[in-house]
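Which chain is which? They are A, B, C and D, in the order written, and residues in each are numbered from 1.
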Amino acid sequence: MSERFEPSNPDFARVVRDSFARQGLMSTLGAQIVLLEPGLCVIEMPYAPGVSQQNGFFHGGAVGAIADSAAGYAAYSLMPAGSDILTVEYKLNLVRPALPPTLRAEGRVLRAGKMLSVCRADVYCTANGRQEACALLQSTLMRLSRIASD
Amino acid sequence: MSERFEPSNPDFARVVRDSFARQGLMSTLGAQIVLLEPGLCVIEMPYAPGVSQQNGFFHGGAVGAIADSAAGYAAYSLMPAGSDILTVEYKLNLVRPALPPTLRAEGRVLRAGKMLSVCRADVYCTANGRQEACALLQSTLMRLSRIASD
Amino acid sequence: MSERFEPSNPDFARVVRDSFARQGLMSTLGAQIVLLEPGLCVIEMPYAPGVSQQNGFFHGGAVGAIADSAAGYAAYSLMPAGSDILTVEYKLNLVRPALPPTLRAEGRVLRAGKMLSVCRADVYCTANGRQEACALLQSTLMRLSRIASD
Amino acid sequence: MSERFEPSNPDFARVVRDSFARQGLMSTLGAQIVLLEPGLCVIEMPYAPGVSQQNGFFHGGAVGAIADSAAGYAAYSLMPAGSDILTVEYKLNLVRPALPPTLRAEGRVLRAGKMLSVCRADVYCTANGRQEACALLQSTLMRLSRIASD
């Protein structure tokens, strides 16, 4: 299903990173973009007690937040200048405990439409000494004309 | 679809609140349980820059986190003593911008099985002077025997 | 979450029923619209070996088909004249075996936007002498300008 | 995310095909298994008016049915002898019109747990002279002990 995408905005990387920097939640979670290409966005998040659930794993809500953002910014990277983006819906399967110390969410565009994009994100943790998928997301994003004047 | 549920653990409220108190993420988000009945859990979260997305609304990931927890604790309230719970999957539709100042997630059990429970949660914000649904969740939870010794 | 909707097309019932009549799959499944109001569509399907899964229950795919259509036509009932509709995505939880003799899918609009609508559908069968929900759907629909000239 | 799986039942192909043959709906839809390996099941369905929606494409419900079955039989291929399987939930994104003449649903296991498995299925049609994904599914399956005595 992998495909090479051409960005319609040559300045996509700056636009994505500016938007990410304005997401207070990503900063709260300690999440960072570690890789960004057209149609691909990878976000990492270190473990901290502030992102935990009741048994000391990453909370499913924090897992969903970085997976949603990784998918969303993958889609955003392909949108023309002057676009804004919002998540229409996302669906997350938590397939094994999300173990410390670090989560890595890889978001990829599967279908980039004029208005709607469909993405998947796979979230990995380290288990048994290797990278294992701990969560799988599928989501729908919508392109909007920029709301704010910036 | 509403139904009255009998809790199988008379001490369910304490068990739910103890678990919630151990979820570091809920504390990070400033989220609190404001209502708890058998099969129903309502969580509120005040706005703060630390839970925002790029346009100053609540981040969809934070919306999903409290909706997931509201649904999960609704399910947990019906489980027998000695149970632990984990989210198998959740699906969230973001149906309008999640506006400050406060979100309210109402999680309800629709089907409580021996092993799997299915819940819905509706998340409300205040828009145009009244409560409006801004997000709709449907999720699957699994009962486990308690992992930790407590 | 229930709400009264005003149809924007006074002729909505004819438009919905004409579209339904052109869905070959609904005829193949023996499905029929038994109730239609603005924002609500109820579809029933009788059991037949041709809609079964391997254990003699209704197949989850047939359950999903009528739930998707019930939700979709609920949304379509609120759209202006000259609209076409397509399903963006749907998510179905199968919460108990879908038993013969008859399934009833009740689709309701929760959010009717200009372009996107979000619906839920509950599917009921008869179990233990009463109506029981056997499947729960949540879906997103998109309004299009009519493709075909009719 | 691709992985090689070892089947725990050496006779998995016969078990899968026997179950598929008992799904009346697959026969009604004209669907057939065209490829089966451990953790992978590919189903094809030819176009016929009986599987159409109102504009002459494949109906989303029929798309969902073969995607659900492809994912389910991929999961079933890895289960031990004496297992039965049921779909807990599935989520389908319809990413472009599902065009005649033939759909191909490729179901793959991403996580095979003792009790729950998580799969994805990609559904392809022919558009612009090449295979294009028209639908994307993510689903959860549950293993049961065989219900019927066979």
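As a working rule, contacts are C-beta pairs under 8 Å (C-beta built on N, C-alpha and C of every residue); 3 or more make two chains touch, one makes a residue touch a chain.
Note that the structure is predicted; figures quoted are calculated from it, not measured.
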Between C-D and A-D, the pair joined by more C-beta contacts: C-D
Gap in Å, rounded to a whole number, between the CA centres of subunit D and subunit A: 28
Intercentroid distance (Cα basis), subunit C paired with subunit A, Å: 32
Centroid distance [mean C-alpha coordinates] between subunit D and subunit C, Å: 22
Multi-chain contact residues (two or more partners), subunit D: 88-89, 91, 93, 140
Overall pattern in which the protein chains touch one another (line/ring/star/complete/other): complete
Touching residues on subunit B, where the partner in the complex is subunit C: 1, 91, 93, 95-96, 110-111, 113, 118, 120, 122, 133, 136, 138, 140
Complex contacts: residues of subunit D adjacent to subunit C: 19-20, 22-28, 48-55, 59-62, 64-66, 68-69, 84, 86-94, 97, 147-148
Subunit C to subunit A touching residues, read off their complex: 88-89, 91, 115-116, 140, 142
